[in-house]
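There's a structure below that I have some questions on.
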Amino acid sequence: MPADTTSPQTPPDFAPLIQRLTEQSAAHPDLHHVGATFLPSRNRVIEFIEVMRRLVFPGFFDPDRLTPDTLADHTRDLLTQADALLYEQTREALRYKLNLDGSGKGDDCEACDIQARDLTNCFFNQLPELRRLLLTDVHAAFDGDPAAQSYDEVIFCYPGLDAIFTHRMAHCLYTHGVPLLPRMMSELIHNDTGIEIHPGATLGESFFIDHGTGVVIGETVVIGDRVKVYQSVTLGALSTKGGQDWRGTKRHPTIEDDVTIYGGAVILGGETVIGKGATIGGNIFVTRSIPPGHTVTAEMPNLILRPPKAPKGELPTDFDPSI
Amino acid sequence: MPADTTSPQTPPDFAPLIQRLTEQSAAHPDLHHVGATFLPSRNRVIEFIEVMRRLVFPGFFDPDRLTPDTLADHTRDLLTQADALLYEQTREALRYKLNLDGSGKGDDCEACDIQARDLTNCFFNQLPELRRLLLTDVHAAFDGDPAAQSYDEVIFCYPGLDAIFTHRMAHCLYTHGVPLLPRMMSELIHNDTGIEIHPGATLGESFFIDHGTGVVIGETVVIGDRVKVYQSVTLGALSTKGGQDWRGTKRHPTIEDDVTIYGGAVILGGETVIGKGATIGGNIFVTRSIPPGHTVTAEMPNLILRPPKAPKGELPTDFDPSI
Amino acid sequence: MPADTTSPQTPPDFAPLIQRLTEQSAAHPDLHHVGATFLPSRNRVIEFIEVMRRLVFPGFFDPDRLTPDTLADHTRDLLTQADALLYEQTREALRYKLNLDGSGKGDDCEACDIQARDLTNCFFNQLPELRRLLLTDVHAAFDGDPAAQSYDEVIFCYPGLDAIFTHRMAHCLYTHGVPLLPRMMSELIHNDTGIEIHPGATLGESFFIDHGTGVVIGETVVIGDRVKVYQSVTLGALSTKGGQDWRGTKRHPTIEDDVTIYGGAVILGGETVIGKGATIGGNIFVTRSIPPGHTVTAEMPNLILRPPKAPKGELPTDFDPSI
């Protein structure tokens, strides 16, 4: 069959497809936000996090050098930007939420703007406390990791600190009832770090997540002070069969002060309490409470060594299999 | 030794190094694409995914508000961009592949352009079906996760949906034989989400990946409808010793409808079938088939509790070790 | 309470907050780099990695096509950029480190510039060797993965190769004593790939990381040639209680040539040696040495199957539970 080479590159007439897509959107409001007057913006939330990082850690992530002389102006610039972004996005989120029922109430909600302003003011009033907490986190990471060379290395490099920084902001907005934005923030940093902390989770001070990839911390987790968590730890729900029926219940564990949880440990259940000072070994599966101060490990399965090209299970005579 | 401070910053003469690098490239064609007339571009593939996300979910990720009046023009704009990108990259990929043997056949392959146009048309004809499937995925995520507050939260925030969205596009191209692009797409979203789905894997509708970091779904996996998968689940091959010898065989499991697979479970083998409605417990290692409807857990290793500063294995009297 | 709707959007007077933030910064030098004359820049390090990727793999990631005629100029351009970035950042890092004690010695350290120039020259002199090693890694990935279609697919798509590429550069700088930059580099690629390789780790040639998300390779790990590692493998320390006290000791395992380590395996301890040619099964927990050539698996816990709506533990008559 000779190819028609005259115009192989001509795109088809898009009109019929546009028609189908438009009709599909009309039939499925979940698929689109056409005609939405208010809607939060992922890009603006990203921008907000970036500005906040520079505001919280002056000089670390700024394109230009800061001096004591320029610090106040620099702070004012960033604060003005961050304030405008948060006010705008909180206002969008509040009005958007009212519009979810199709009533259009959000469009007229001037009270939403006042609430957005109050929430924004409230958030920035807590900024010095946020910085104080983050400093305890930086010190905890340095003290806990022999590979850390300086506090700067923690701030520049540790994904766990990035995740905690973003979480502490998201949690503040979450507890004040800001819709959607907190979860956007936590998933943006989840993408970066592989660490997922639901904005509902409550963290104490001096919290350290080492390595971090694969960590999952659920919505109703409560964590005390000076807790250390390693990679791939799950603090989760026992089962979520039934899905939405579970919303609002305490589904995730409580971790008291001074607990260490090693890599891959899975701790499940809303009534599970890991007592103060306990240590949870790597890859342990825990679904009930652990008393304070205790160390939990598991009976390791026997390892089976097979020498090269020998039948399975035959051990070399010089090897102790009780590994 | 006194330092020569006159010109510490002068770079060396690069000529000898350039010579070495150029010779090295000449000797190792695998290291470079110098002189390639056709080659897919990672940046253009990134651009394509971004445009497609806006096309599939109008209004969610657009910089400006959409209205019913502007929707058709907006759709036409994005469709024109996406079509041009996909046609261009498919054409590059097809011609590039023909040139891999050094014959230069790709340079003359006008039939490649026709094929690229056909494939591109075919892809966009399936766009309404892609959106229909994604809507089932959005609903499955909302229904399955008590932490989800709205469908919007799923579309804005869930990395699982991002991975499934990209996979459904990549799989369409993969099954039509487009070289390289599908795998580029899946690895780009793997970078973002920590979820790796090989473009060869076949997914049913209403697929939900919760949390997601560390999920690996292999090339020959087949997944039914309404399947739920949690973080760090591996659907993999039993062994790939021998590497390339295994190419093209069914190496990965089949998951039937309505299966739930909890976090960390590892299911291996091309003949392994997880029957309809089965539930696979967390951290289970499965290498044979499971009958429909069954729930699989494992005998948990006994946990060993050691009280503070007490000898290993001594338990507090008030604690039941059968945890 | 009637809302004051006159100016709900007016931000508050920022002056008091700026005052508090500035005082907080003054009281906590760990929180800021105000007045720092020298400091590495994360954005410049990102730029360096991007330029190096184009320099190492010509034509793969460049915006324009390369031809044999333009290759030398192209190489010179990229080399000039990469050299300037590395010299600048190494100089910043060396002077910054001297200033950490507040002495201001870094400000006067002209020897730092000479050292930065020497280190930079040294780094680029090793560039052909870096490319040679990376080519062995590319071949190892292709040979080891039946899903790989071509070397190009490995270079374009494999996160493991991205991580190894960045590590080999970072390790070179680390062994030459460059402060901070190597760790920045490894955490930047950790963010992208979910693969964490501390810049101190020593890798042999033909190293292959498949899938990769969740891999953690510690600071004092030593890995031989032709080693294969799958997703979520940890090569870590037995315990880091005591944190900074452990700095500088050999805390992580040694992996000899031709070892394969399957997904989820955890190998811990500075005296743990995995002998040449050994195979470590998936999800195995190893804390002592394994003799050469041996295969290690674990006694799998018995799986428990529960039929639909039947009491726990009751098995279907047609099912062999010795799964």
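Note that the chains take the letters A, B and C in the order they are written out, and that residue 1 is the start of every chain.
Convention: a residue touches a chain if its C-beta (ideal position, glycine included) is under 8 Å from a C-beta of that chain, and two chains touch if they have at least 3 such contacts.
Note that this is a predicted model, so its numbers are computed, not measured.
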Same or different contact residues where subunit C meets its copy subunit A, judged by the half mark: different
Superposing rotation of subunit A relative to subunit B, computed on C-alpha atoms, to nearest 5°: 120
Intercentroid distance (Cα basis), subunit C paired with subunit A, Å: 21
Touching two or more other chains - residues of subunit B: 194, 213-214, 232, 264, 283, 300-301
In the complex, subunit B residues that touch subunit C: 3-5, 8-12, 14, 17-18, 20-22, 24-25, 28, 30-37, 39-40, 42-43, 100, 179-180, 183-184, 186-187, 190-191, 194, 196, 198, 200, 213-214, 216, 218-219, 232, 234, 236-237, 240-241, 243-249, 251, 264, 266, 277, 283-288, 290-301
Touching residues on subunit A, where the partner in the complex is subunit C: 55-61, 63, 65-68, 71-72, 75-76, 79-80, 83-84, 87, 110-111, 113-114, 116-117, 120-121, 124-125, 127-128, 131-132, 134-135, 138-139, 142-153, 156-159, 192-194, 211, 213-214, 231-232, 260, 263-264, 282-283, 300-308, 316, 318-319, 323
